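In what comes next, chain A is part of two complexes: it sits with chain B in the first one and with chain C in the second one.
For the complex of A and B:
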């Protein structure tokens, strides 16, 4: 194939909508469409090949894990865990990780046997991998049960987008934050209905609203005080693509994902949130511009009226409202994968008056 | 070109507070003792003045045909200006049927204030015009591609392209109002004739402000309205009227709606019905004339769980109008707890009733992994 074939046929810099490809009966459009179709078909029909150098050999063990004898490549930044057996360091992959690499063509998997176990235990010194039975993709798929398959769909989708993923393993190394009860005593405003708001001078609507605020509402992190019974579990920790990622010293995950079937009830939501580690606060302040302080600029800053400041305060408040609580992501597999993010909110903490 | 008259924000609830009448208290600067004295003088001065809310009589609401109606014009205005309560029965929200009908029939002076409905109507018309031009352009483009286009059509295409650019750039509202001759009584539509007096040519007001059940109970609770059926109704009467039964269950639809309503009202939000967007309420910071609503509230209870389809549907609609979808999971007391309180005879029982419930707020959002990668 020529290099030119891969270039998309963009003649002008117009942006196309779906409706622009409505058949208009011209040969011009027909040719364009069939050309790009041919290109896609030829790409798909290409045999996927991996260079011998990049190919990894793994052996599938009875423990449902794949042992990698010589790990190499970028995948092992987040894939698997390493363990030392008889002085050799090996990497073990779980089923999802193995399948992902197998499907990409980076991994050849053999089915382990007794002799290989003896080799791992150190009874035999030499072992030839070619003696083992090699597993093809179809065969490996049959090892997955239906829930695994859904998990794999989510895993592979996020992996293809470049995210770093590990299976959730509890709140290791990250103790849950401690919840402090805010002022919630509302009994002092008991006289509200007998006197109405004609009893005294009010100097602002704040006073009135504070008296009306009688309905209890959940505060952020309040659910930590209770244990919720629920079948919902968190399945994956997900990190945005980053350079300084280390398996030994895992950073706080950016997203935590739970695979769901039913829409959760409030108990389930709180039970999930209690298992979540909250990422450190993002700095929401913009970097200060290095504007030269001329007399003109200073004047302009002064002209930055009260209204602008008020707007800035409002923006900050809105940000706080949406981002101060914990957050969990639900993944619902239904032909494709749908993601829903649920975060706790506390309107009372950022009241308008 | 018409400039639209913009209202200024007055107050979030129909209660007049002292600072509205007697002016704001001066600021205190800790290092400046004169500001302290100034503050206390003003404070004392207000303290010995009469309380303004005391001199304002309650607004009257009539309970008729199972609806809460406000018929007095001044009361309607006060309820709208102070917190945006109620809805005009013949208008989109604010009462403006009367003025728009007058304008349509050219009865009074041509006033230049445009109602929201008129602006929307005008925008839609502009949009239709734009789309017409665009289809014409597309047709000509097609002809051009097929090489069937003539010289004159090429010129037309160029012109259409120019007007389309003008349309896209222009987002200012320009409405020309034409002064027309008043329509004769005999030329009017029969339904118009019915509500117009032939001799004085005056229009009869048939629109009124309708309060929803939650609004009525809230206003009655803070004691700014009186509700009349045959006699004046007490707070308790209004409560049972709203519930629709004398023996409400803890998950009564009205009580649950009211919990969410009172919760956001007491935090200073302007709460309006969210039926337009498929949710229970929408929250405005100040009110509909000032900004778009920011949050959509959907109430969910144990007894009434939602399916994925329902959730995704609401979320799509709310997302497309750039609002946040906030789920309100409401904790409900047992029937015994509720009945115990309802059997009390004092006036404060509704306060204790509100305390039995608890609001849990969860923000529901679609996560698109493609967009959060960095």
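For the complex of A and C:
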């Protein structure tokens, strides 16, 4: 968010200089190595500090949530949910969100105690935050179990890139996707004996063959007809950075992320896809190019060969094939975060032949 | 002895000094936190350092580290904002500080058994890890290259990795082809290995043997680091050669006779390390 952050240019420093093939025992190489290491050590030991004006104060409760007394700043566009207690509106953050802000130096977290709970319940009118213990990073990390930690790594990775993230909360805020049997009937058998086939006159074999669907294929959303049992869960809804984002009225997520240890079996994939919020229909129309119709451009268009046009059609077709269905992204933590995108292919409505 | 605080199934390091010390043993871990000075990027991350299961086991088995309960931390300090404020002369106003964590002597002394980590690992993977470590390689998890590990000839910060490593039990013929091709494409060697039939004690003996030879794994504290580095280099050279089927017969000219002997004895005992390459006939 801060422009200065990007100007730090870590890549320009010796940290990410071209690597060598193997140690050659020279002093030059030794120096290079120790310089890089020193730079990294100095960067990672840099203190986390917050200007008092930007600082948010939170109190970690026994419910494993952090209550924010006075929320401010841009982070609350997607972070937390608000709740009214005794006439006051507070924002509650979950562990991942709290830790992200704590580590970034935007939040100070105190450990709540009995007295503070009484204050929240309305038994005490006044409460001074300075009476509480403050938590450092190690303390807060010790509240996280291993699966939380993995989730946090994925969460923080995407947050650092600027994405908006909420934990997946089922399909309740969105219309459930429905499976509709396609316009064309499925099997050849049905084709021949249904009315649709017979209410037309055919004047050649070619037309008949075109009308017959000889290759049966699975349809998008077909897995919704059945309930699949699986341990795989979707963990995050992710949105690209956007202006009109509202926590109360969540738009359809751009990506949905599932944390995995092992690649899912086919039943798990179906179960995951059934939990995916139905993506908004992507418009087929391409953004119109702003090319001015000059004589030169027209000439170029004419010069476009048949082959070029065909290639373009193929590209469009492949795009449709991949993007018409549902999509889920699998994330695995193994020396950094690795993402794999898994999409339903639309062989039914896109004709390849 | 390095204290390794355990939280659930992870070991998290919050002390830069410990990170430095681990690196002298060739233990890299994974930096995972947001960097205070550059919070919107993922190229270089900050504390805490998360250790992999293999690294934890290796540290404990060689007596370099001790697992302790990481959830039992000292009582947090009362932080009145004034005490932690720092006046910034440039812009004015004060700053709050958030500390990373505790130093080694502040941590609890309650030891935790290593068993819960041992049952998480694939045993042959761990043996391969130990073997490569004893050969002086630096090891990182290898999912990005389709293996269990990737092995580097030196600190990964400066050197490219040479090997993609996978225990044989995880490999079928299809994997051989796929990974072998991939490895050739990224100019690495695909190495598969296993220690079936070799008892853990023997492996320890192997590592001990190499220790005597001078790679000083396990004893690094007392040794001069410069000495260590050069000697590591020697064994590495020899090692890559013994793995490289084509150059099996060529001998490294510079290695002393003593080194070659012990090198031979290693290759006699541990014969199940293979390298996969596309043979360039014709």
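Assume the second predicted complex is superposed on the first by the 235 of 353 C-alpha atoms of A that agree within 3 Å, B and C clash if a C-alpha of one lies under 4 Å from a C-alpha of the other, contacts with A are read in each partner's own complex, and residues count from 1 in each chain.
By our rule, contacts are C-beta pairs under 8 Å (C-beta built on N, C-alpha and C of every residue); 3 or more make two chains touch, one makes a residue touch a chain.
No experiment lies behind these values; they were computed from the predicted model shown.
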| item | value |
| --- | --- |
| Touched partner set for A:145, first chain B, second chain C, both or neither | second |
| First, second, both or neither for A:52, with chain B first and chain C second | second |
| Chain B versus chain C as contact partner of A:250, first or second or both or neither | neither |
| Partner chain(s) touched by A:332 [first = chain B, second = chain C, both, neither] | both |
| Which superposed partner A:161 touches (first chain B, second chain C, both, neither) | both |
| First, second, both or neither for A:266, with chain B first and chain C second | first |
| First, second, both or neither for A:342, with chain B first and chain C second | first |
| Partner chain(s) touched by A:28 [first = chain B, second = chain C, both, neither] | first |
| Contact residues of chain A, present in both the chain B and the chain C interface | 24, 29, 157, 161-162, 332, 334, 338 |
| Chain B contact footprint on chain A (complex, rising order) | 24, 26, 28-29, 157-158, 161-163, 186, 190-194, 196-205, 208-209, 212-218, 240-241, 254-255, 263, 265-266, 269-270, 314, 318, 322, 325, 329, 332, 334, 338-348, 351-353 |
| Chain A to chain C touching residues, read off their complex | 1-2, 5-6, 8, 10-11, 15-16, 19-25, 29-30, 32-33, 36-37, 40-41, 43-53, 55, 100, 102-105, 108, 110-111, 130-139, 141-142, 144-146, 149, 153, 156-157, 160-162, 332, 334-336, 338 |
| Chain A contact footprint on chain C (complex, rising order) | 5, 7-10, 12, 14, 16, 19-20, 23, 30-44, 46-48, 50, 70-71, 73, 75-81, 85-86, 88, 91, 93-102, 140-144, 153-155, 157-160, 162, 229-230, 232-233, 236 |
| Chain A contact footprint on chain B (complex, rising order) | 11-13, 15, 17-19, 25, 46-47, 49, 51, 53-54, 142, 145-146, 221-224, 235, 259, 262-269, 285, 294, 300, 302, 305-308, 311-312, 315, 324, 326, 329, 331, 347-348, 350-351, 354-355, 357-370, 372-374 |
